[in-house]
Every structure is written in C-alpha cells, then in structure tokens.
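Please read through the structure below; I'll follow up with questions.
Labels A, B, C and D are assigned to the chains in the order they are written; within every chain, residues are numbered from 1.
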Amino acid sequence: MLTDFVPLFLMMALALGLALSLLKLHQLLGPKRPNLIKTAAYESGMDPIGTARERYSVKFYLVAMIFIVFDVEVVFLYPWAVSFRDFLAADAGLGVMMVVSFFILVLGIGLLYDIKKGGLEFE
Amino acid sequence: MEITLNWYLSLSAVLFVIGVLGVLMRRNAIVILMSVELMLNAVNLTLVALSQAMGDVAGQILVFFVMAVAAAEAAIGLAIIIALFRKKVTVDVNEFHLFKY
Amino acid sequence: MDAALLVQLILLLPLAGAVFNGILPLFLPALRTREPLIGAVATAVVAIPFVLVLILFLGYEPGQPVIVDFFPWIVAGDLEVHFAYRIDELSLVMGLIVTGVGALIHLYAVGYMHGDSGFWRFFAYLNLFIFAMLNLVLGDNMVVLFLGWEGVGVCSYLLIGFWYTNLKNSAAANKAFIVNRIGDFAFLVAMFLLFRELGGLDFTTITEGGGAIPEATLNWIVLLLFIGATGKSAQIPLFVWLPDAMAGPTPVSALIHAATMVTSGLYLLARLSPVVLAAPDIMVVIAVVAALTAIMAASIAIAQNDIKKVLAYSTVSQLGYMFMAAGVGAFFVAIFHVMTHAFFKACLFLGSGSVIHAMHHVEHEVEHKTGKHIDPQDMRTMGGLKKYMPATSRTYFIAMLAIAGIPPLAGFFSKDEILFKAFEYGYDGHAYAWFVWIVGLLTAVLTAFYMARSYYLTFEGEERWPLADQVHPHESPWTMTVPLWVLAGLSVVGGFLGLPGVIAHGEWNLIHHWLGEPYGGPVAEPVLAPHGEGFLAIEWGLILLGAGIAFAGWLFARAKYRTDGLAYDAHLRAKLGGLYRAWEGKYYWDELYDRLVVRPLMRFSERGLAAFDRYVVDGAVNGVAALTAGISRGLRYMQTGIVQNYALAIVFGALLVISLILFA
Amino acid sequence: MDLTNIYASLPADLVATFSMVLVALVALALVVWDAFRNNAPGIPWAGVVALGVAIVWELFALGDAPGTAWYGMVRTGGFAAFVNIVVLIGALLSIILSVPYLREIRHAHGEVYAIILFATVGMMLLGTANNLVAVFVGLETMSISLYILTGLVREDEGATESALKYFLLGAFSTGFFLYGIALLYGATGTMDLARMSEGLAAGENLVMFWAGVGLLLVGFLFKVSAAPFHMWTPDVYQGAPTTLTAYMSTATKAATFASLILVLYAALPPERWTMVLAVIAVLTMVVGNVLAIAQQNVKRMLAYSSIAHAGYVLVGLAAGTPAGYAGALFYLLVYSIMNIGAFGVMALLEWDGKEGQTQTLNSLAGIGPRKPLLGATMVVFMFALVGFPPLGGFWGKVAVFAPAVEAGLTWLVIVGVLASAVSAYYYLRVLYVFWMRSPEDEPEAAAVQDRVFAVPVTSAAVLIVCVVLLLYFGVRPGGILETTASFFAGPGASMALLP
C-alpha cells in the first residue's frame, strides 16, 4: 500500500522544491547593482514627495470592493447564457428565466442596500 | 510532446505551494491575501483540468463558486485590513498581537 | 404505603429542603436570618426520611430486593440506564445510618451554627448532601450511584470551604476536590469497562455477570474501583485531603468526613462484593494498602495536639480497618464497622465541636482581657473541662471507650470481628491476611492509646488555658447535647447487632444474617474450609486478646495523661525522638527503616521527617497539579498572537494529518 | 439530460428545504428593511420569528424518511432536521441575547441580524449538504458572515485584529479544504458524497483519494478548532462581541461536525481515518484543557474550553460507529445550550463591549450574591460543562465515551476522562470566584463594584431556558439519544446511503 504513495511523495517534494527554489532563485541569479535611481520608490516617474502614508478617502476602497463583488457575480450568467438556447428548445425557457431573474433580484437587493446606505455617494 | 493531465496537476501543486509559502513568509497582509487567492486559483486549475479530463462538468461548476467566494473574501479581507490600517497605520501582520498566550 | 412513594419522599424531601434553604433566601434576604424556621425545616426533611426508611426496613422481606424504577433515564442503543433505586438489606442499613445520624447532626448544627451569617447556606448544603448521599446508597445502578458520588463530592467541597473568607479553608476545599477527581476518574473508567464487558450497569447485571469477565480486565476494573474508593474514603495515597478537610464546620466533619461520605468507598466495594471476590490479586492490594493506612494514621494521631486532627487521623485509620475487612473478603464486617464507627465517631466529633464551641468563648474572654490569642482546638490549652461540661465529657468518654474497643461497647465487637476475619482468612491459607491481622492488632493498641490521650488531655487534669481562675467555659445547649447522648447510647448498644461466632455459633450475629449472602443477603463472602475442633478455643483467645490490648492501651494512657498529660508528651518526644517528630509531622516512617533516605531529607527541612510527607505524599498530589499548571504556562507561549505562526501550525497539522492517514 | 421537466421537482424541493429557504428570504427582506428604515428595532424580532417558525417546521420533520432535494445537493429527513434544529436554536438564542448587548455597546445595526441569518443559512446548507459543492458553498457562506460579525466593532483595534486573524487563517484553511475537494473529485469522478465510494472502487486512485481526505479533514478540523488548528480560536473569541462568540462557538461547530459526520459516514471507507481522529482528539483535549487552566480572561478560558469540547466530540467520531456519531450529535446539542448560556452570562457582565477582551475572572469576585440569577445559572452551566450528573453534559460525555470504549479505544477514553477531570479545576474556579470570593479581597474587583448590571427580561428568559433544557437533557436524555441513534440504524434510517 505504502508504495502506492510514492508518486504522491515525489510530487509533494517536487512542488515544495520547485516553489522554494523559484522564490530563492531570483535572489541568487539576478545581478544586484543598486544605485540611487534604482532604489527609488519609482524608478521612472514622479519623485515621491511627502508621506507615503497619505490617507485616501475610504470611499475609494468601498467602490473598488463593491465593483469586485458585482463584477464577479456576472460569472454565473455566462453558463446560463450559453445554455439558454437548450432550455428554450426544451420548452423550459420561462422557468430558467425566472430563476435567473431571482438571482438578479438578489444582486439588486444588494445594490439597493448600497445606494440606500450611501455607499455609492462620492463626495 | 503532449501535455497530459499530470502536467496540469503538477503546475497547480507548485502554484499551491507557492501560495502556502507566501502566506507563511510574507508580512504584508495584502500580499498574504494575494497568496491565499493564488492558492484558490491553483485549486481552480486542478479542478478545471480534472473536469476536462473526466468529461464531467461538476468541477467547473465548483470553479465558478470558488471565483465568487474569492471575490467576496477579497472584499471582506480588504475591508478588515483597511479598518485595521486606520488604527495601526501598518499592514505588517507581525504588528498585530494584542491577543496572545 | 407502597415503596415507590416512600422512596420518592425519602429522596425528594432533602432536595426540597435544599431548595427551600438555598434558593429562596437568595432572592428573599429577610428569610436568611429566620434561624428557627430554617433549622426546623432542614432537620425535619432529614428526620422524616429516617422514619420512612425505618418503615421500609420494618416491612422488608429478607432476600427479596425491591427495585423502584421511576423511569428509563437513558435508552439509546445498548445503553440502558434507569432512574431506579434499590431497596435491599445493604441499602437499608446505609440509608438508616445516613438519615439517622444525619438527622441528629442537623439538630446539633442548629445550635452549633447559631448566629453564623451563612446559616441558611449551611443547611442548604447539608440537605443537598443528604440528597446526594441517599442517591449514592439507594441507587440501583452505577450511574445513579455516580450521581450521588459526584454530588457528595461537591457538597463536601462547598462545606469544607464554608468559611471561605479564610484562604486556608478554600485551599483545603480545593485540595479535597482535586484529589477526589482523581478517584472519580478511575471510577468512570471502571464504569465504562463494566459497560463494555456486561452491556449493563445495574447492580443485578454486574453482580451476576461480574465473575465471568476475563481475569485481566476484571483485575483492572476492581483496581480502578478501589482507586476510586481510595479517593472518597481517604486511603493511601489519596488520603491527604481528609485531615485538611477539618477546616469545615465541625458538624460537617462529623457527618461527611466521619460517618457517611468517607464510607461510600466501602459501600461501593460491598455492593460489588461478588466482583471484588473474583479478583483475589487485587484484594491483596486492598488489604495491604488498608493495613498500611491504618497504622500510619494511628501513629500520626498520637502526636497531634489539635483535637479535630486527632479525630481526622483516627478516621483515616478506622477507614483502613474497614478496607482491611474488605481485603480479606469480610465485606459485611466492613459495613458493620461502618455503622458502629458512624455512631462513635460522630459522637466524638460532635463532642469535640461542643468543646470547641465552649473554648471559643474562653478564647474571646482571654483575648479581651489579656490580648493573648489561644487556639480553641488545641488540647494543650484545655484540660479539666469535665467540671464545666458534664454531658460532653461523659458522652465523649463513652464514645472513646467504644472506639478503643473496650467490651461490651460497639467498637469492640466490630473491630474484633475484623481482626478475627483477618486471622481466619490467614488460617485458611492466605498469607497476606496474617500481615493484616498483625498490623490490625498493633493499630488497635495505638487506637486505644491515642483516643484515651485525647479524652484525658481535654477533660481531665488541670485547666491549662490562661486566666483559668477567671474565665470558665460553658456546657452547650440542649440541641447539641441531645444528639450527643443519643449517639453515645448507640455506641454502647450498637455492637450487639454483630455478636461474634463464639456466642451461639454465630447465630446471633444479626448483621451477618441480614447482609450475608449465605442468608440471602446481597453481600458476598469467600467460601472457607471448615475449621478444626480446636478453633473455638482460638476464637475465645482472640477475643480475650482484643479486649486485653484495648484495656492495655486505655489504662496506659489513663495512667500517663490523667493528671499531667503534657509531661508525658514531652517524655515521649524526648524518648522517641525522630519517630515522634515524624508522627507530629503527620508522617509514618520508621527511622531505623532507612536512615540513608532520612538523613539527606533532614538537611533540606527543619521539620526533618515531615519533609517526606510534604514532598513525597503531598508532593505527589500537588506535583501533579503543579506540573499541569507548568505545562499550561509553557504551552501558552506557543500562542504568540502572530498570525503566521498560527498558519505554520496549520501547515504542520496538515502534514500530521496526511502522514497519519497514509501510514495508518 | 432532459431539460423539459427540469423544474418539476421545484415545489417539492421548496417544501423539503422550507426552513432554509425561509431563513434566506427573511434575511434578504431584513436587508431591504434596514435599507429603508435604518436600524429598525423590529429587525431582530422578525429574525427571531423566522427562526422560531423554522424550528417548529424542523421539529415536525425529525421523523422523516431520508431523501435529497435540489438534485441531490442537499439531504433531507431526520438527520438534516436535527442538525438544522441545533443550528437554528443557536441562532435564535444568540439573537435574543444580542439585542440588549449590541444596544449596550452601541452597535445595534440592523445588518447584524441579517448577517446572522445568512450565516445560519450557510450552516444549514453545510450541515445537510450531500455534495461537496454544497459543502463548500455552505462553509463559505458561513465563514464570510462570521468574519464580518467578528469585526463588527470596527473602531476597536482588538475586534478588528481578531477579524483579520480569523479571516486570514480561515481563507488559508479554505485553500486546503478546496484542494482536498479537488483531489477527491479527481480520485472518484464525482462530488456526490454517497457516490464517492463506488467512484473510488472504479477509479483505483487511492493515493489521490487519501491525500484528498487528509486535506479535507484539515479544513473541517480548522472550523471546529481542533488542535493543532485551534490557534485562532482564543484570539478570535476574545476579541469578538460576546453574544456573537456564543453563536460562533456553538452553531458553527454543530454544522461543521454534522458535515464531517456525513462525509465520514457516507463517503469514506471505514479505515485509515480512525487513528487520525483519535490522535487529533487527544491533542485537542489536552491542549484545550491544559491551556484553559492558565487563563485569566473568562472569554479566553471559555474559548479553550470550547476547543476541549471539540476534542470530546472527536472521541465519538473516532469510534467510527453509528453509536459514536449519534453520541456526537447529542453532545453538540447539549454543548450548544451550555456554551450559549455561559457566554450569555458573561455578556450580561459587560457594560460597553470592550471589557470582554480584558475582564479578568478575579475582577468578578463576589458577583454571585450581587446578581443571584446570573450567578445561579452560571453554576448550572459550569457544572454541565464539567459533565456532572444529572445535567446534560454528563450524558453528552457518556454518549461519546461509551461508544469509543466499545470500539476498543479505551486509551482514548482514559485520556478524555482525565482531561475532563482537569477541566473541573478551571470551571469550578469560576464558581468559586463568583460566589466565594468577596470583592473586598480582590483589588481588581473595584472597577466592577460600582457598576449596575441590568438583566433584561429577554436575556434572563434565555438563561432560564438554557438551564431548563440542560436539566431536561440530564434527566430525560433517552428520547433524544434514541432519535439521534435512529438516524444511523435500520433501512429507513435517515443516514441510509442514498444513490
């Protein structure tokens, strides 16, 4: 039984070794000749002025997060759209439409909540 | 040379381990979050490869859910990190040890 | 009345009393100071069950146990446990002791606890204790017994720490509780094993099927049960909690730590006697441990000056006697001694309580007048109390003679029977019983001696407290003296229930006929080869020997302590040297036995031999606790609070899980 | 696949999972309500009503025959009903306790209750999932909601730190969990739990399969806070709002353990994993109990205690017999009640939500005589947690230990009984300080002395209900244990393997 697991151990060792070596390799192989410009925060572009800890409005993050969530939910619509034709052919189009409408409704409730709580007001 | 299933599985295993090591070694909370996402995506690769190889669609369905969950997790994670950043002005996870022992 | 109703009343009345005294005053502060009401209720809910047990007792058909099955407690799969109680010879005897002695002590405590701000709490705990104890002795299966077992443990904990503002008392309570948990653990594991082997936990299943268990498993079961019993019943190595438990109010010491709870280990062994008899190897362990406990505690008692400590070690020693009886298969004699011991030891403890009560008064007066402080429990500042406390001194005297084994008082018969059974078992070819017999004899001499010493130091001789000419103690009120007289009376006549075999060939040994398996009772006994012709003479000889050593111990102590006792203590200390100091240090150790161990220890401790007790006996117990706490502290620091360390732990855990799965 | 009648089973499925659907819809409705009427005081009570209706519905479903709904995604019948009841009761009691508590700490947002309901839906899906996809979705719905609840008090550094730790480690363990699912899927070609063993037999991918099982276990063991995956637990429980800790520590464990039982019972061949669970159980019991001794903060102590209790449940699972699983289910029910009670008492002893993180046990000296109800109910909860007869906790322990002895794991039970003997020390210390210390002896108690603790009627009612239930479980555990045992026995048992 134990010999069955040999491939697994090999694979684990391989994965660990490869991952570790990739992490270390760039340090070892890459030439390191730092100069003032290279170590600057932005090698090309504006020189950083003032503190890097400048505060952005939290709204900035908020909108970004809301975007991520709603954006990704769309993935569920792809398989639906692809197979909608088959459902239509099988005469189940209304049902599948209702189901996806409910899905949109749930997303809509989220959006409604956002608007009502002022999450999208960008002052 | 034909790219067999094992190539996909090996690649995703390597990606997964890189993600694990990232979580263990990086100090920036946001990079840790990214490492976790890398782990999830490595698994996604496994799932898609297996699903394709077996001609079964269940694995791909799970991938959709994983993507959605990952997005939600990212949002929550960022929200928490921002809330903490406003208190501590750092995202170094080694600085967060109010509770211990 | 039918048995079910009676049993319900017997159990529920004390519980109702506990609720009345404990919960109501919590929310109605006005009730807390109504001492007469609380005292009356508390005493009544124990006295009435006594009458009810008596009714059951009188109406009992010998050999036909009544099982009162209220409802199936748990039925799931093969596990079937009923909320059932068992009325048979053994449980009736124990029930009578618990409720009878309990009621007397409740009455006594009404006087003793007068004016205490926790009066109501005290009686709530005491009632709860009676409820738990009745569950313990009446239950028909291991689980109901365990319910009581744990319950009495909790009540004991609460009552030892009753005066909790004194940190020492809390520490004593904790010690008792933790030591008892070790015993409880063994009990539980034994219970699980019994269930696995027999598929049932009621006593009928266990006693009938117990003998068929494979020997190795059976030995483990009996050994674990015995470890459980050593915790509750204060045997080596778990006895250390009992002397400390004297921190509780004296009625508690009398009820819980002398008469009832500490004997529950004996009850357990007697109840499961057929199973215990099937494991003769473990009986050797029981007997030897018991013998060592008995003589160790007796020797310590000689050198104690705190009157309650003397009684505490005497209790440990007497419990050793009872386990000796169990170890030689004479379970019914153990129960006989449980009963007589309950009478005289309760009487002694209550007497000491009466003395302490009186000395408290003296302490206050002396402190008021001179500013000097005396310990109201220290016998060195007593003496001559006979003049002021006639009832207390007389009852104490009677009970003292009883425990010393002076014929024809109760202790003589029960102790003599134990020694006889040990002799008989040895005669039957079990060599270890000889050892038990000899140690028992030695202990008997010591017992008579130290008990007489405590009487004469306390009640006779000169009055040794400061300002003895101005300050006088007073006799206690009737609520305290009446129980004393009743218990003293029982200590006189109690022994006649178990007349020895020489009288009418044992036909008048009522307790044997009542409990013994040959007569249809529940308590098993080993089958011995019939004795030869000359055995009757040997029996008589043994009886005379027993009586003789009791008289010797008593009269010797009387001669030495009656007039000026402290002088003889000093003489003993000078004469016995290290040995006496070992006793004082509560440790049994023969100096000649191993000087090589003693010497190095002396260097570490001024108390010399006491160090052994502190570091080895106590140390074993405290050490386990300290070790746990130490590990706990050490392990805590793995919890660094840093999230990546936690993640690393998860990775290691994952590797652990996967490798366990792959290599399983 | 024939798509024509694809919605034919919809009505039946809706009825079969009515409680889950109801709670989900009510949660959505609460979001809308809160959007229009910010923090309306009726929101929690609407949630309570929904949960109550769902509990009653599930009570009637306890005797149902086994089945699946939603194309085999979700299991229905007695087992599912039992798990749902435990989760729902946990949510219900926690919400009632939360209402005054959150008001006190000035965080009585309407969304909180919607999120609790969402978490509850996730737990119900997790506990009844019959397919690894559903397990994953349920687990994540639950976890993400809990991350938010942990960090509820976002102005507080401690709470946010707890949330971050919980989140990072939770997401990390999800990675392992998901990888486990992927490997199992690859080894068996199916995500359906009941079909896994036949898929395994066909595929012969043993290595992949067992590695997958190991990773899956990591995910489960993390969520139930078994050692060495427990380290997040004390930090998170200490930082999170107390009544929500009560919810997290009970319902989460119930749902996760239920899912683990389903996986063990329905999907895995009965070999190889017994030793893993036994070893993890030992580690968990030892770590939980030993570390609890050293704690000064009561919430942290209770966190370690909840780790220890996960260990006891694992003993039942390690037995690997139907009796063991049935005992574990019973234990989860009892544990939920006693833990919610204990955390409930602690929540009532706070005054603005932050002392929970720092409050030491000693500062509560003498609180018993001052607040007899809290003190007296705490007595019951602590004794139940120790496992004293005749309270429910005792039978819980018997129900998990006895099957383990029968399965030949006596050594494991000895460790368990010893560990629970140790536990008496720290549980009873709570009672000792509550009742037997006087505040004058304890300098730390000065801050608590001049506080007035209001005990709202609703919270008092929850505590009393918990006490009554614990007494009931102690005196009449038979019916419930029989019910849980019936899930695993006989042809009509609701844990019968379904195609």
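Keep in mind that, in the parts below, a contact is a pair of C-beta atoms (placed from the backbone, for glycine too) under 8 Å apart; a residue touches a chain by one contact, two chains touch by 3 or more.
The shown structure was predicted, so the numbers you read here are calculated from the model rather than taken from an experiment.
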Look at the interfaces A-D and B-C and say which one is made up of more C-beta pairs in contact. A-D
Measuring centre to centre with C-alpha atoms, which chain is farthest from subunit C? A
Suppose every chain is reduced to the average of its Cα atoms; which one is closest to the average of all protein Cα atoms? D
Centroid spacing, where centroids are CA-atom means, of subunit A and subunit D in whole angstrom: 31
Separation of mean Cα positions, subunit C and subunit B [Å, integer]: 64
Let me have the rounded angstrom distance from the C-alpha centre of subunit A over to the C-alpha centre of subunit B, please. 10
Distance between the CA centroids of subunit C and subunit D (whole Å) is 43
Residues within subunit D bordering two or more other chains: 164-165, 168, 172, 210-211, 234-235, 294
Which residues does subunit B have that touch at least 2 chains other than itself? 9, 16, 20, 23, 25, 61, 72, 79, 93, 96, 98-101
Listed in rising order, subunit A residues that touch 2 or more other chains are 5, 8
Considering the complex alone, what residue numbers of subunit C touch subunit D? 23, 26-27, 71-79, 83, 143, 146-147, 150-151, 154, 157, 161, 164-165, 170, 174, 177-178, 181-182, 184-185, 188-189, 192-193, 195-196, 625, 628-629, 631-633, 635-636, 638-639, 641, 643, 645-647, 649-650, 652-654, 656-658, 660-662, 664
Note which residues of subunit B are touching subunit A in the complex, please. 9-10, 13-14, 16-18, 21, 25, 61, 64, 67-68, 70-72, 74-75, 78-79, 82, 86, 89
Can you name the residues of subunit C that touch subunit B in the complex? 636-637, 639-644, 647-648, 651
Subunit C touches which residues of subunit B in the complex? 20, 23-25, 27, 93-94, 96-101
So, in the complex, the side of subunit D touching subunit B is made of residues 132-133, 136-137, 140, 144, 147-148, 151, 154, 157-158, 160-165, 167-168, 171-172, 174-175, 178-179, 181-183, 185-186, 189-191, 234-235, 238-239, 294, 300, 357
